[in-house]
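Multiple structures follow.
There are two complexes below, and they share chain A, which is joined by chain B in the first and by chain C in the second.
Up next is the complex of A and B:
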């Protein structure tokens, strides 16, 4: 351990720590910075995190300085403050200051730092500014404004060090230096939108989010990406029932600070025009009261002939589904469905968020022929919860011959087209629940937006079906479902109070 | 002593065939190498160079032997670079050394490599010096043929390969880590320090980068010893120094004199004073990056590290720019500010933005559009650059800028408008924010 005095405060940090981190600990806030990023190499080019170390004649940047026992450091004295203010001024002299039309406004490093330690009057006339490329489309997801760029090189280092794809570089030198791609090269990798996240200014913006919403109007909900089995921790940014973007949420055990571009687009399905908004029977729109009556006629104490779940549903829902099936055959849906290319960073070939949840509950999946066979051999109503199994032609054919298929789904898909009763369920952003990721980590997602139309939370729908089947102990809340689930899966954690980074039964396997 | 007594480095500058191995050998060349390889240990060489007080001749003046000592003991893989990216405005001594006497530098290179146990050396030649590449390559080829390079040099068991590398023409590649980046195939911009190259440089291995003149001084020190070298110069500025003199003096050119000579003597006896009709106004003594001294101040200086430092400037590279009374100092600083603006690599914000800003303000003044506030603004911009960047390029722009205003402010003031500038009015008054 090394003992330091930072701004008069004594602090002890492990040997080998960076002075930048030690200063954050001592100050309770970061030093001014643009180029430093905890997951990237040290560039030391923004020059903002200057501190005074007693015994050293010049100011030094904290990000590239290791701690030494006995170091006496000043981060707020006049000399340091003057330097960081002047360096910030350098960052801004050629900046277009077009905040009113910039998507970064409200979450911009330049704005924040100007307000915290700038506040000088401009000394540059508008005509004198250096002009560079504006609104350049550099890839399928990212747009570049070179004039707003402070050349911190985070995006360049990300593409070199994290994805290894190296699309971005700095071209030219001096005040003509600019970020760009080589001719014929696009910023097109699975993680390109992380460059937008780490860009401290409005130079790299998301083509998807561009001009959609001022960021200060957005509300945030913690969630889990439903796009694959990795279960990246995300933040859903939404307003007035609409989701505008997903941002990665830091979880060192799962995704660090990154997420893939495919995952970021998963929110689009929530607002898809094929969403189911009302229950329907035989293709006719029904009220909830009406569909409850129909279900009461279709299903009785005899229960179901077959129950089919899917790895898109939460652990709580699958647990209820299992209880609902009771002695009836139960399938976890189509084995091998929803797969795609994987990469060695985050994206998993399994594009479902909860296949491990099915395993944890001991619910087996079936391939197309096996599931079709189960359907054919079933006697009594068939209940399908999500997953669109009719996407498989053999399953579709088998379902076509059944006249009492009940489908709890979210979109007007193949299965919805074949079912007698279609019940609109909620998508992941419209409800709370737990997914179990590919490593077996239980992670909670929270509701961000109101449910589409008259859709309901799936656990409530399942609870109503339990009532229709005259089952005892119908749960009255999600909390109750979780308490019951905890007994069934025997994990040593309160499922109603999952840690923010999730819970891995058996401890952190590394 | 007569001038010929202290011609250590420039002995063969006047000979048309000084670049040939045969001439160099006939003049006692490669004796030092033989002595170093057969009877000295690497540490003994490092010590004698340290004792000789040889200071880096590229500009920073860091003791060469001390720098060599920073290579971690027992390093397996060490690289050596001869920095011939001579691009400091006003400096043209290294190209004389390589053009007229390449073997002297080559011998110094081999001895230096032995001293730090480097097995591979690069001679990095400024891109614009195209012909020098051929000249130095020819010398290297001769040295290989004579057994001074390659495997088991002179039967000592020491191996060394030398690669002559041509730069692409960038001032910043003369900065040692920019030079290493450039050879690594990266963008020519300095690396962040620490780590310093002596610990982790080329390919992340210990690397020594020395100026041509420093390396060329080594054979003499080995041949004659530290004491002989220290006979030249002063206590803290040992040996001789090459000065490249430009400007309207009677005899501009490259001169070798012992450190510590009075400028007055050098100016009158060697340079012959100003050409007829010109009067001395000022001197930039150590390459364009050092503060300018007006005639009255430089006339009282001696040409050594400490006396020039006391006068508020630096010996630098020894690129002496003599400025006549007829020169417009603001025009001169505009040329210099354009240079630093043009050559800034652009990675550090204060230098990238500051060099361009200084250039714009000076141009504005010269257009007659400046105000008194603009002169103060120049100082303000300098404050935001000095000492705040990875490499010294920002300081190299600030030092002349500040000194030109300090010493020649009336010339700047003569360009400003008569009317007083209006007080700047903030569009967002402070009171509303706080």
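Up next is the complex of A and C:
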């Protein structure tokens, strides 16, 4: 351990840690900075985090300085604040100050630093500024504005160190230096939009989010990406019932500070045109009261002939589905469904968020022929909860022969076309629940937006079906479902109060 | 209702005959009215009533009337859809949808710009917030009438056209 004095405050930090982190601990806030990023190498190019270390003749940058026992550091004296203001002024010399049309405005490092460390009057006329490329499309997801760039090289380091693809680089020198891609090269890797997140200014912005909303109007909800089994922690940015973007949420146990571009686009399915908004019976739109009556006639106390779940549903829903099935055969849906290419960073080949949840509850999955066989042999109504199993032609053929298929789904897919009763369920952003990721970590997602049309939360639909089947102990709230679930899966945690970083049964690293 | 707190004797004063039939007081009141009527007929130029709409009050130059959107030289809006005005608007009456402009020097422009004149409180904060001087309330128009609520939601073309009559 090293003992330091920072701004007159004594602080003890582990040997070998950076002075930048020590200063943050002592000050309670970051030093001004652009180029420093905890997950990337030290570049030391922005020169903003300069501090005065007693015994050193000149100011030194904190990010590239290691701590030493007995160090006396000043971060707020006149010499340091004057230096950071001047450095910031230099960064802003050629900045176009087009905040009104910049998507970064509101969450911009340059705006924040200026308000806290700048507040000087500009000495440069607009016409004297060096002009560079505006609105350059450099990849399928990212658009570049070279004028706004402060050359912190975070994006360059990200593409070299994290993805290893190295598309971006700095071209030219001096005030002509600019970020760009080599001719014929596109910023087209599956993690390209992380460069938008780490860009401290508005140089790299998202093409998907471009001009959609000003960021200060957005509200945030904590969620889990449903795109694959990794279960990256995300923040849903939404406003007035519409989701505008997904941003990664820091979780060192799962995704760190990153998430993939495929995951960022998963929100589009929530506002898809094929979303089911109303219950329907034999293709006719029905009210909830009407469909409840139909279900009571169809199901009754005899229960179901077969119940099919899916790895797209939350742990609570699958638990409730298991209780609803009782003695009827239960399947976890198609075994090989929803797979794609994996990479060694975050994206998993399994594109479902909760296949481990099915395993945890002991619900077996079946391949196409086996599931088709189960459907053919079933006597009584077949209940399908999500997952679109009719995407498999054999299952579709078997379902086509059944006349009492009940489907709780979200989109007008193959299964919805074959089912007698179609019930609109909520998508992941419209409800709360728990997903179990590929490592067995239980992670909670929360509701962000209102449900589409007349869709209902799936646990409510299942509870209603339990009432139709005249089952005892119909749960009245999601909390009750979770309490019941905790007994079934025997995890040593209160499922209603899961930790922010999730819970890994058996082995918690910290 | 209770009269307990009233001073003693204020109610039980004996009225005279003239007071108790009220007629004398009614006629006296009519006399006051008739006096004003005759005086006003003889001195119409000194009457405080303004003959609106033939005669209109003169307002100062800083009067905030109906909004207008400023134009560039080619007639397109100066507005860059930064939504500062809709952010600051206390009545939440401005709705802007931004879009990509073909000219990369302009980059962003409003594809739709709507103001709900019924919600607007004419506070002028949108003018103050605008970084481009794209919206002004300087038309001086305060006679705003329409026969349906929908017509009070005015669009970009209307605001750019800067109408001077009171019709919507």
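The working rule: the second predicted complex is superposed on the first by the 507 of 510 C-alpha atoms of A that agree within 3 Å, B and C clash if a C-alpha of one lies under 4 Å from a C-alpha of the other, contacts with A are read in each partner's own complex, and residues count from 1 in each chain.
Following the convention adopted for this analysis, contacts are C-beta pairs under 8 Å (C-beta built on N, C-alpha and C of every residue); 3 or more make two chains touch, one makes a residue touch a chain.
The structure presented is a predicted model; accordingly, all values stated were derived computationally and were not measured.
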item: Greater chain A contact set [chain C / chain B]; value: B
item: Partner chain in contact with A:165 - chain B first, chain C second, else both or neither; value: neither
item: Touched partner set for A:173, first chain B, second chain C, both or neither; value: first
item: Partner chain in contact with A:483 - chain B first, chain C second, else both or neither; value: neither
item: Partner chain in contact with A:123 - chain B first, chain C second, else both or neither; value: first
item: Which of chain B and chain C A:135 touches, first, second, both or neither; value: second
item: Partner chain(s) touched by A:93 [first = chain B, second = chain C, both, neither]; value: first
item: Partner chain(s) touched by A:45 [first = chain B, second = chain C, both, neither]; value: first
item: First, second, both or neither for A:83, with chain B first and chain C second; value: first
item: Footprint of chain C on chain A - complex, ascending; value: 98-101, 105, 134-135, 210-212, 214, 216-217
item: Residues of chain C that touch chain A when the two form their complex; value: 80-84, 87, 98-100, 104-105, 107-108, 131-132
item: Complex contacts: residues of chain B adjacent to chain A; value: 170, 172, 187, 189, 192, 194, 341-350, 352-357, 360, 377, 380, 383-385, 387-390, 424, 426, 430, 433
item: Chain B-touching residues of chain A, taken from the complex the two chains share; value: 42-48, 50, 58-59, 64, 82-83, 86-87, 89-91, 93-94, 115, 119, 121, 123-124, 128, 130, 150-151, 153, 169-170, 172-177
